[in-house]
Structure formats: C-alpha cells, structure tokens
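Following this message is one structure expressed as structure tokens.
Per-chain residue numbering starts at 1, and chain names A, B, C, D, E and F are given in the order in which the chains are listed.
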Amino acid sequence: MKRVDVLMEALPYIQQFHGKTIVIKLGGHAMIDPAVLDTVIQDVVLLHYVGLRVVLVHGGGPEITEKMKALGKEPKFVGGLRITDNDTLEVAQMVLVGKIRGNIVSLITKFGAKGVGLAGQDGNLMFAKKTCAKKVFVGDKEEEVDLGHVGDVEEVNPELLIGLLDKGYIPVISPIAIDRKGHSLNVNADTAAGDIAIALGAYKFVNLSDIDGIMNAQRTRTYHRLTTDEAKKLIDDGVIVGGMIPKLEACLKCLDNGVEHAHIVNGNKDHTILLELFTRDGIGTMIKKSADSGL
Amino acid sequence: MKRVDVLMEALPYIQQFHGKTIVIKLGGHAMIDPAVLDTVIQDVVLLHYVGLRVVLVHGGGPEITEKMKALGKEPKFVGGLRITDNDTLEVAQMVLVGKIRGNIVSLITKFGAKGVGLAGQDGNLMFAKKTCAKKVFVGDKEEEVDLGHVGDVEEVNPELLIGLLDKGYIPVISPIAIDRKGHSLNVNADTAAGDIAIALGAYKFVNLSDIDGIMNAQRTRTYHRLTTDEAKKLIDDGVIVGGMIPKLEACLKCLDNGVEHAHIVNGNKDHTILLELFTRDGIGTMIKKSADSGL
Amino acid sequence: MKRVDVLMEALPYIQQFHGKTIVIKLGGHAMIDPAVLDTVIQDVVLLHYVGLRVVLVHGGGPEITEKMKALGKEPKFVGGLRITDNDTLEVAQMVLVGKIRGNIVSLITKFGAKGVGLAGQDGNLMFAKKTCAKKVFVGDKEEEVDLGHVGDVEEVNPELLIGLLDKGYIPVISPIAIDRKGHSLNVNADTAAGDIAIALGAYKFVNLSDIDGIMNAQRTRTYHRLTTDEAKKLIDDGVIVGGMIPKLEACLKCLDNGVEHAHIVNGNKDHTILLELFTRDGIGTMIKKSADSGL
Amino acid sequence: MKRVDVLMEALPYIQQFHGKTIVIKLGGHAMIDPAVLDTVIQDVVLLHYVGLRVVLVHGGGPEITEKMKALGKEPKFVGGLRITDNDTLEVAQMVLVGKIRGNIVSLITKFGAKGVGLAGQDGNLMFAKKTCAKKVFVGDKEEEVDLGHVGDVEEVNPELLIGLLDKGYIPVISPIAIDRKGHSLNVNADTAAGDIAIALGAYKFVNLSDIDGIMNAQRTRTYHRLTTDEAKKLIDDGVIVGGMIPKLEACLKCLDNGVEHAHIVNGNKDHTILLELFTRDGIGTMIKKSADSGL
Amino acid sequence: MKRVDVLMEALPYIQQFHGKTIVIKLGGHAMIDPAVLDTVIQDVVLLHYVGLRVVLVHGGGPEITEKMKALGKEPKFVGGLRITDNDTLEVAQMVLVGKIRGNIVSLITKFGAKGVGLAGQDGNLMFAKKTCAKKVFVGDKEEEVDLGHVGDVEEVNPELLIGLLDKGYIPVISPIAIDRKGHSLNVNADTAAGDIAIALGAYKFVNLSDIDGIMNAQRTRTYHRLTTDEAKKLIDDGVIVGGMIPKLEACLKCLDNGVEHAHIVNGNKDHTILLELFTRDGIGTMIKKSADSGL
Amino acid sequence: MKRVDVLMEALPYIQQFHGKTIVIKLGGHAMIDPAVLDTVIQDVVLLHYVGLRVVLVHGGGPEITEKMKALGKEPKFVGGLRITDNDTLEVAQMVLVGKIRGNIVSLITKFGAKGVGLAGQDGNLMFAKKTCAKKVFVGDKEEEVDLGHVGDVEEVNPELLIGLLDKGYIPVISPIAIDRKGHSLNVNADTAAGDIAIALGAYKFVNLSDIDGIMNAQRTRTYHRLTTDEAKKLIDDGVIVGGMIPKLEACLKCLDNGVEHAHIVNGNKDHTILLELFTRDGIGTMIKKSADSGL
C-alpha cells in the first residue's frame, strides 16, 4: 500500500506538469559516473512518460581535457584564460557529440523512450557569434586575448525541437553552436540550456550541478525556495558569492524571460530530479518570479 | 528516497500501458461508500495522467432498489425474476444517470481531470434489443415471463468515445441502451462494459467487483494469474462455481475478442486498481489469452 | 409544386444560417406535452441537417415539483423563496439529467441525428458560485435566507461543445453547474442558456417559452421585431411589465455580448422554431442590436 | 403552417442525402431557356446548402450549331455523321467553355453559392482518346469516316473535384477532354457525366433531359421506378426503343459501377430536380440496382 | 560540366524563390506566336518544379478583335474609346476563356504540370464594378460615353487560388470579373494581374509584355534595375513617357502594396522569364521598393 | 541563353524526380578532400531544392585509422581481420559522429538548406546484432575470431527520417547502430545505406564511391546502364571481379527490395551526382530492375 500512497502524493505534481516543457542541463558527476547517469536518465524517462516534454542539454568539460591529454595536446592558457584552438575544438566536438551524447541517447533507448541527439548545426538550432577578445594581464602587460572558437549564443530556432517533442522524442543537445558561415563554436552549456529554455517558453529549467543548491558564503545554509527578488538581494548583500553567482544568474535570466521555475539540484546523488520535482519541499533550490515583479 | 523507488518500480508499467485503452467497470462498494469511491476516482485520474485512455462504466443496482422503496413502489418479481416495468425503468434512469454518474463525473473534476457522462442514446453509443421472455415456473406451471424494459447490447458505436478520449476526456457510461426506436432499455453493466472494451479494442478490461478475485468453490484459494484455457478448465472441472462464473465469462468474452488482459479486483478496498496494475503479482485476478490459443 | 416554392422561400434563410451556431432554450409546454416535444425536436433535427450548429438547453421545473411530491417531500419556502436543500437538489438532478434530458436525446436519435447529453460537470462545462443569501421578510422581520444549492453561472468552457458540434453532434444541456469543489448547483435555465450562447459566440439565441412573444402590459400587442434600444425603452416606459422583463433582459444580455439575434417564441405550439426562423415576419419576437449602438 | 409541413416532408430525404455526392447532367431546354436555367440553378444551390456535394456537367449542342452559322461555317456531315473539324472544335470550345459554362457559374454566384468551371485539361480532369473511324455508306459505297476531334473518355482523375467539393465549391464541367498530347477532344456530355459519377463513387446520377422519363414505345406509359433488371428486360423486350435506349444505358452503366441511383427527369419544366429528389413518387424515372444482382 | 555550372549558378535563386508566389501576366506575342508560348509555358513549368507557386493571368486583345471581324461585327468606338457592347462581351469571353485559356492549360499539361483555368465568377474570384462613363469630345461636343461591359476590379478573393496552389496546381486566370449581380465585366489584364498579386501577397509580379523593359523617351537606354523612388522620379522628370507609364504604374502599385519585386520583360523572345529571374543582371527591368521608403 | 537550355534539359528529370526519395552514400575522396565535399553538398542542396527528399549516409574509415594512430592506439588484426575493440569503437564514434557528420551538416547549412545528424540510437533508427565470429587461419590453425563491436543491421525504423523529410530537413546518418541493450555497434556504411533506402522505399540509391562505375576485370570497359539480370550474369561469368562485387551486390539488394534505380558514381570528381542524375547517359553506372524479373 505504501507505493500507492507515493503515487497519490505524486499525482498533483503530475497534473501540474502535464504537457509542460522542462529543459534539464546535465552536468557534474552525472556526466562522469555511469551509475549516477543511469538514475538521471531513468528520471528523465519517467518525466517523459508522465506527460512532460523533456529537453536535455549536456556538458562535458572534464572528459574533453582528459581526451586532449590522451592525444598529447596541451591545453593552452593565456593570462589564465583557456584558449580553444583548432585542435581543442575538434576534440571537444568529438567528445561531446561523438561520445557523451551518443551514450545519453543510448541510455534513453535502454530505459524505454526515444532520444534524438542534436547540436547547433542540426536544423540551424543554435547560432552563436565569436566571443569578444578579453583583456588580461600577461605578466605585467595588459593584452587582448582571442579565446579562439568560443561563442555566445545569439539565436535559438526551436522549430526542430518542437517538431521532435510533438512526436514524442527526447532531444539531447550538445553545447556546440555555429556561426553564420557554418563554423562550429563551443558555447557554455549552462547558458545554452537557459537560452533553449527561453526559446521554448519552458515551464521549468533544471540545472543538474555538483552542489546541493544555492548556499550562503559559509555553506551553513541551503536556500530551498527563493523568489527572484530574494535571490537578487542575496547577491547584492554578498550573502551568495563565488561560483554560485553565475549559476544563479543563468536561472534569473530564464525567469526574467518567461520560464516559470528554475531549479538547481545536485547531479552527484541519485534521483535528485524526481525528489526535487515530486515532493513539496524539494531537495535543491527552486527559484520563481517574485509576485511583485509585474509579470 | 523510498518514494522514488516506488516511482521507478511503476515506470515499466507506465511505459507498457502508455497510450493504451482501459475500460473499468465500477461496481460493489465503490458505488456505495463515498470514501472508497474517492480512492477509486483518484486511481482513475492517475491512470489518465500517466498516459492511459480510461473509460468507466458504472453499475448501481442497490441504489435503484432503495429509491424505488422511497417512491413507494414495490419491486416486482415473477417466478424469481425481476420485472422492469415503466416505473422501474424511470427510477433506474434517474438514479443511474441523474445521481450516480453525475457524482462520478464531479469527482473526476475534483481530482483534476475532465469527465463526460454518457448513456446509450448519447451519440448512438449503445443499441440493444429487448431481452427475450424467459420460461419460469410460477407455482407449478411454466410460464413465459416478459422481463420488461431490459435489453441485450447488440451494437456499440465507439466514435464518440474515441473522439472524447483523443481530446483528453474520461467518458463515464451508464448501463442504459436504446432500441432502434429510441426507447431506453436497462442493460447489465458487466456485459455492457465488456462490449465497450471489445468495441474499443481495449488493452485492459477491469471489473471492480466485491470479491478479491476468482476463487475456488471452497474460497480457500484465489487465482492471481490465469490463462483463458486454465479458466475454462476450472469452470469445466467445477472448481469455480456460482456467481463467479458470469463474471469470469464476461472476461473470457473480452479476451476472445481482442482485449489483451482482463482483471477482477475488489472494489471494497482502497486503491486496488493501482495495486493490481502497477505491481508484479497484483492483488486480484488477471486473465490473459492462452499462448496456444492461436492468437 | 407548392412544396418546391416553400423550399425556395426557405433557401435564403438556409444560406444565411449556414454554419452558424444557434442556442435554443427549451421550456414551457415543450417539456410537458410529448406531442409538442416531438415537433420541437423535428425542427431541431431539420436545423441541424440544413447546416446550423444547434445546442439545446432544457428546463423542467414542473416535473421536479411533481417528483418531489411523489417522494413525499415537501417543497420548502421561506418568505416566498424556494429553498433547494439536499433532497431537492437530488431530485432535481435525477429528473433533469436522468429523465428529461435522456428523453430529448433519444428523440434526436429517433428523428435521425445524434445528440449528446451534458451537464455542468461534464468536461467542466459550467462553473457556478452559490447564489448569495437574500433578504426577505419572514413575518414582519427581515431575515437573510440561504437559498441552498442554487448558483449563478460564472464560467462556461465551450471546448467540449465546440468539439462535439464540429463532429456533428447536437449537445443537450441540463441546467446543473458545479462549484470549484465539484458540488452541484441548480442554475436558472434561461440565464444558463444565454451564458452558453455568449460563450459560443452564437449567431442566434432562441427562448422557447410559454408566451407568443414580447407583449405590452395590456397584452393587446405583440412586438415581432425589436432593436435593443427599442426594447430598453419599452421597459423604461413601463410598457413591458412583469414576467416579460427577465425573459427580455436575458435576451438583451446576449445581444450586448456578441449574439446577433435573440428570439422569444411560444413552445406550446407546433413548429414555432421553423416558423420564426424561416419566414420573413416570424411569429414570435426577434430582437437585434440597434444599429446606433456602436457595434 | 403548410410550409413547415413541406420542410418536414423533405427532412427524411435531406437526412438520407446528407454528405452524398450527386452528379447532374444539364441538358435540354435548361441550356436554352434562361428562366428554366434559373430554376435549375436554384435547385442546385438548395441541394448544396442542405448538405449534398453537387457536380454539374453541361451540354450545349444547339448553341454550337447556331454560333457556327453566325461565323459562316457550314456544319459538315459525311454519310449522316457530323464531322468535328478544326473550326468546329474551336467554336465548340468557345461556346461551351466561354459562354455556357461561365453563365452557369455566374448564376451559382447569383443564387448564393460558389461554382468553379472546369474542362478536361484542368487538373488533368478527363483524358480521352480519339473515337475510331466509323464505316458508313456514302452513296452506295461503304467508307471509313474520320469524325475529327471527337473522343471517348478513358480516364477521369477526380482529385481536383474532390478537393473543390471538400472546400464547398460546386464544380461545373464542360464536355471537353484532352488526349495524352494535350489536344482537345469533344466528348458526349451524357457519357462524360456518367464517367464522372462513377469516378466519384456518386450516390446519385441525374440526367436532366428533354423527356419526362423513360417511356414505352407508344409513349403511353412513363416508368417512375425501375430496377436495373427490369430496365434491361424492357430493352430486350423491345418495349423501350429509339433515343431512350442510349440515355437508359448511360444510367445502367453508372449503376453497374457503384452509383446507387440514376434519375432521368425533364429539364424543360421548373424545379424537376427537387420534385424528383424530395418526394416519394418523384416525377421522372429513378433506376436502382436490382436486389438480386449480387451487389 | 558546363550544365552543372549553370545549375549551380541557378541554385541561389532557386533557394531564394523557394515557396514564394509569383504572378505572371502573359501578354504580347506570347499570346499570338505558338512557338513563343511554348517556351513561356516551359519556363512556367520549370518555375513550378523548382518550388515557386505560379499564377498566370493572360490577355488576348488581338484575338478578340480578329474573332469579332470573323463574326461580321464591327468594333464600336465613340470619341476614340472602344465600347464593349453585348456582342463584344460575348466574343471576348468566348475567345479568352474558351480558346486562349484552354490552350494555355493544355500546354501546362503537355509540359508535365497541372493547370486550372479560372475567371472572376469561379469561386467568386474577382468582383468588379462598372467603369464610370468617360467624357470625350464627339465632334466638337463633349459627351459622356458609357464604355459598356467594362469594369474596375474592386475585390479579389484569393481563397480558391491558395487552395489550388497548396495542392500543386497552376491557376490560369482570364481577365473577366463579375459584378455583385453576377454579370460579367471585361477588366484590364495588367491591372487585374497586379490586383491578384497584391491579394496573394506575391513575392514577384512579372509583366510579360512586348517591350524589352523600361526605356527612356529616346529608346536609347533600358533600365535594368530601378527602385520605386527612381521610377517615380523618371516619370516626374519626363524621362519615361507614353505607353511605358501605365505599365510602370501597375508595377509601382504592386510594390506599394506588399509585392517585393516587379519585372517587365519581353514576351516576344524565348525564355525571357528564366533569363530575368535566374541571372544576376536579368534582361528586362526589375523594380523594387526603395530602401528609404519606410517598408 | 545557353543556361536556359541547360535548365530546360534538366526539366524532365526534375519532373520525374519530384517528391521522390534518394539515399546517397558518401564515401571515397568526398570524405577527405574538402573541395570535393563542397561540390557534393552543393549537389545535395540543389537536389533538395528541386524537390527530392534527400538522405545522406556517410562513411569515414580512413579518418578513423588516422585518429587511432594520433591517440597512439594500434589497429588490431587477427588473421587479417580488423578487430573493433572498445578503444576502436570509441574513436570510430568520435570521428564519425563528432567530426565528419557535424562537418557535413554545417556545410548543408552553409549552402542554404537544413541538415540533421543522426546515428542508430537516435529515435531507435537502426538496430543491429553483433556480427558472428569468423573462422580464420592464425598461423596454420583455424580459429574463431570475434570481430568485436561490429554489427549487421537487422531493423531500420524510418519514422524519424520520414518526419524530418516531411518538414524539409536533410538527414545525415552515421554508420553506427545499437543492439537491443543500447550498446553501439559499427556497421558497414554501404550496406546500412542500402538498408535505409529499402526501409524508406527510396526511388534511387546512389553510392558515391572511388571508382567511375562498374568495370570489367581488365578495366577496359565501364558499364553505364545495366539491368539486374545483366549485372548478375556479369558476376556469374566472372567479368566483374574483386571489390566491384560487394558494391554491386549492395545495389542489387536494393533493387530486389523495391528501390527503382541504383547508381555507382565516382566521388573523387566534381558534381558527379548531378551529371549522373540530370543527363541522359550519366557518367557512372545505373542499374535497374530487369523488366522480365516479374516486378
């Protein structure tokens, strides 16, 4: 009987999410530990079968670095910034598209749904423009450093995604975009996932990360539910610092552009997506638009 | 985490049932005890939201008798057979359509889905012909007894049901059919539900009854899984007797006409539908076509 | 040849009405005299076959009272107002939904079209909220009287109706709505029919009543064609009085909300709907938006 | 009230014909007398508005001859057979397509529906092959006579017609077909209309002719209702003779190829189409498939 | 290999025009010389097969005059203006619809596509109102002259065209419109073609004329590319004079109403349409909206 | 004018191929030389724009070997057979999916159409089973050698391809399939392309190879047009030998399973696809079903 109670507790969430679109950024250990990835994909397939329209965006930085080394290529840095030269771009594409994404799609098949792997050039999904050169100090001289084949997403064309979702497929997207001439550019997976969520008018954006949620500087407190106003104040007041800030800002950008909820959950633990979505208190951080923000 | 395990255990069933049609006959205490009916309708709404196409057919004998008495009408019997005269038919329609069914549809709304109540005349859903007169002994003389406004279903037109299911409604059907001249006829809810399941090419037929499943004559054993051949042999061998037989035969008729699984579960207990459908062993009786039966 | 002339005279009306939606409130003798109801439903089926989209809303007050008495229940009144207690609501639903509506739908089948019976809970068709308590004098003291399970329609969801009309069904609606918790509430059939006409953006609203049309106080004159301005002036000037006023106001509300024509015709006579719609002068009252009213 | 009775008498026919396809060959006086043509087109528009899918095929022999003379061209005959040379073909096309058909379509507009004129080359509607040379006696010598640009229909492509009917247009077809090289060929309007009815799987084929129906040789009896077997026997027995035979055989061909009813009515009188279709006895001849013919 | 280069050069144009609508007015020698018409229709069929939605509008003045004479009718003029009396209208319709247009549609079939001939009455395609009487000097007295059955297009209903284009047909339209009573009126083919292009929101309007393009008064210069501003200035400055002006103004009207490009090319030479559309410099005149004109 | 002649010569082919499906296997130099690949993709985009439904399947053996070496991995062979161990499979996927295919899709974008990259796991496109172990002599002992992660295609699910083609995308498929457990298997690109052509009921299968066509053993003769019977006889007679045979047999399998034409053309030269498809004699080998083969 206990299992029935669980299903009954899940029912209101299932109703609420029915037919809604959710974009999930897969990062952290989920990308490294096969056992964790298995549970993540099981969660994803369940979300699909209970009626959500699920889109995955994956990262994969650590595996790229590892493969670079295997190929005897040295990662290049200038003034602390990583340079994506031709070799790095090639390896990044081979690892992201040819290895990690294929694996995710195969797991979706294994657990009984149908995935389709995509990158920016597929159906003109994502256009980017080359990221501007950054000024950094090399030694004691300030120099402009060209980051190489790295881009900022400037257009997402969701038609292909919508067509695939309508027919019951789960799109799995690699963070590679193209420029107007068809050249590939590496893009940040977090911001790409956010841009895709905005383009789809998604209901939820979930960042599966390697932290348990948004925490204060002392890591003594995890914020489970925040409004956009509260989140902005926590940043302004210096309560939230460091690497938390870009993650939070990606969420805030989504919420400022029509996405209803953004979640940050820990991808290193089992089934965190379901626990976050199907229980009242969740286990990570959920941020939603402040009521007074005029939307 | 336990709840996640439950959801994960349910996943294979959800996948298997996805987009399939299930016809559920609501009988027994579910029709009398409001608390039980609540849990039944919750189950139904959950089945709907995890992707099944659900059709309900309800009974309601006890309430008809009760209302007859309240109206000061005496149920009529000849030679042990109940006669459905004009008054009885009117009361049956008022109770089934005007009271019980409206209540079921309202509960579906309450739990977050959309129901639509129907009877045989709606969209020419069910045509019946008057049941033949029966020969019975009245005293010591055999007489032909006209049962009155009682019919046997001879045609189910599923177009209206299919249209409603396609748009996400849960049809709720009362066991009233019409003859070719538009006169109403009472029909047996069990056999009507079976005929509807056949007309829809349903995947599952569930008879929510007042027994725990098919049992032997001594009630010492409940059969949880049966093939059609096994079930027929149990009847032939006299292992299954009495009121179990018509229930079982209604299931066998479904299975002989394309329905894949028939279930008999106890409607007097909570959430028996979910427990039967979403667990390996079930808690009632599931009958399926024998492998060697050539289908 | 005479019959051909008639068809030819009907042609311009058939063209004008083609594909338009008409909501007909069935009241008066049409609900009591089976012979009259037969001709009304024949008219309805003809309208359907010449290309109109027909929706029926029926009343049935007299039969409810009659059935109450048969059940030995005393209609309750406080200070002149009828109180709809639990028993009254149950009887009203049984009579309206289980008896009158089923009969109408069966007649539609008999005359060759397909009807579908609906009430407020079906497909969340009509939500109402409980009517406020009224202040009345009980004896010489003014008291607030709770009218019981009576409601005012606050939302009509026409999706189900539109889906059924698109597939060629004639919806037949009982004046029962639900509140947000799924409880049934009796609603006034005239105003419910008007609200449905507005929600559907109907072309015509026809109130089949027990009067020949709108008449002056002395009943010496019947107004066959009125504009909304003329009608309002007749009320203001005291020319139209008494029970005519609410009927007229229900029509005016429709016309103020997008319905193009409202008709009041006598349901006690044969084929009044056809005579009103398919002849130049009509036989009841047709009201249309004043040209100068800015719409 | 009389008009209502007429509409009520028409109702069963309207129901029976609803959504069915009817092909009407317009010939006889209807093509000459503008007043008669007016009533024919009114009938056609009424049929359209009560739910039939109407296709017209028109003839026009007399006007072609008249225009030939006006152009100072002599109709040519060899051994009693008319020869369609280049000039004759050009005049036939100009008269049929440019004059008669445009007039019919304009009348359809005038009476409130939408027509579309077509000939064989439009949408590859009708392919024909040149009619074989005929052997005739010219003086006392038998010669093979080439009839010129005259053809026998060998393929009807109904896609364009179906597309137009689905969108509510009334196609009006001239009896001009093309050969495989795109050259125009005159075809017999009666047989072309029949071939079109067969290609559309029409419910009814109506030949609007200049006789009151099928009559015996003495013209003492008109047959109002015939089966195909009866009709064939009347021909075999020599009861029906002369020009009646090809008209009847065109009908029989339709009935042998899936059309359900064929009618021959007099196009010289007013509203004969409606009188034939909407009354029990009709006024012309209706032929239907014999019950024992195995279809 | 040369042919491949040509196809490759055409590719960017094919991409640019893909799915776009083009309205081509066929005039000049194309209407007289069968060899030229053959190449025009080949061009049209090629445009169709590489993905354009092509609509043809044809003229035919010279053939009407010729046929008038053959019929022994004298063209009538009053004060230099041609009068379209009943006879003239009849001949115009017979020639345009029954002869020229049928020929064009047959050629489309011959070259492998499907055409459908239409005039104003077909599907209520084009409504016109009678052109106002003109004041002219007859002798030395100014008189108002009624031009007869001549009209100015006032409404184009593109639904029928769009439906046919969606299904892959090439509509071929004769310059005959109807008034509100269904009477035919001759309309100018150039302006009718422009009105149709506007109603369809066409991408291109091509006027296949008997001049090589827009030239200056001395015919020493052909303008291959003009903006609307430049064209207007050329008219204002008196550089373009005479018969060029109405042709140019028909183009300018299109461009002022949403058509993107207007072309004037010579219909007396082979394949001018392809040469104009599929090469960078074209061979006639292309006019487009001035960039600074605010659209 | 020459270019117009070329377009006119291409027209009959464009008509013939309109809306037909073509599967092109990209191999040979097209996969190595960027300039050649550019012209191939231009051809593909042209085919798309003139109305064909194009599917690409690419190979890439040489690049895999090259990348293996760069990673310091030694290709393994046993008894002359290549072994695809875990490392080899990983590299194959990275190179095929992550490098070559992304490049092809980007080129499609660059030349103005929209591609979508797919492999076997995407939408369950291609299932394979592990290729059986082969018996080979290792030294002088016969041994069973397991080829590793290599498979034979056993099921192609074309739904995803059809959905993408219907929406105007060009699918680009890598020769990676999955087994029923979701593990990747390398498959032969030639046979995979043929299986996909069969599953789609393609009109044409084109193998873009590194030979000019099918040649005799002495390479003194190239066969430009062959029937299946002729091809089989040439094999039986030993006229065609060596590596030609598997290429030819892949074509014959297609033709025996519903594909109408199979082509073998040289991918090392420019625009060979267009030259083969759009000229009468072609430049490679076209094989079609023998007329007498009973299909």
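Here are a few things to note about the model shown:
As a convention for this text, contacts are C-beta pairs under 8 Å (C-beta built on N, C-alpha and C of every residue); 3 or more make two chains touch, one makes a residue touch a chain.
Every value quoted in this text rests on a predicted model; they were computed, and no experiment measured them.
Counting steps between touching chains, the shortest path from subunit A to subunit D takes 3.
The chain with its Cα centre farthest from the Cα centre of subunit C is F.
A separation of 36 Å divides the Cα centre of subunit A from that of subunit F. Centre-to-centre spacing of subunit B and subunit F amounts to 56 Å, using the average Cα coordinate of each chain. With each centre defined as the average position of its C-alpha atoms, the distance from subunit B to subunit E rounds to 69 Å.
Of all residues in subunit D, none touches 2 or more other chains. Taken as a contact graph, with one node per protein chain and an edge wherever two chains touch, the assembly forms a single closed ring in which every chain touches exactly two others.
Beginning the circuit at subunit A and passing next to subunit F, one meets the chains round the ring in the sequence A, F, E, D, C, B. Residues 1-4, 6-12, 14-15, 18, 42, 45-46, 49-51, 111-113, 270-271, 274-275, 278-279 of subunit C touch subunit D in their complex. Residue ranges of subunit F in contact with subunit A, taken from their complex: 70-72, 90, 93-99, 102, 105-110, 114-119, 121-124, 159-160, 163, 167, 169, 176, 178, 181-184.
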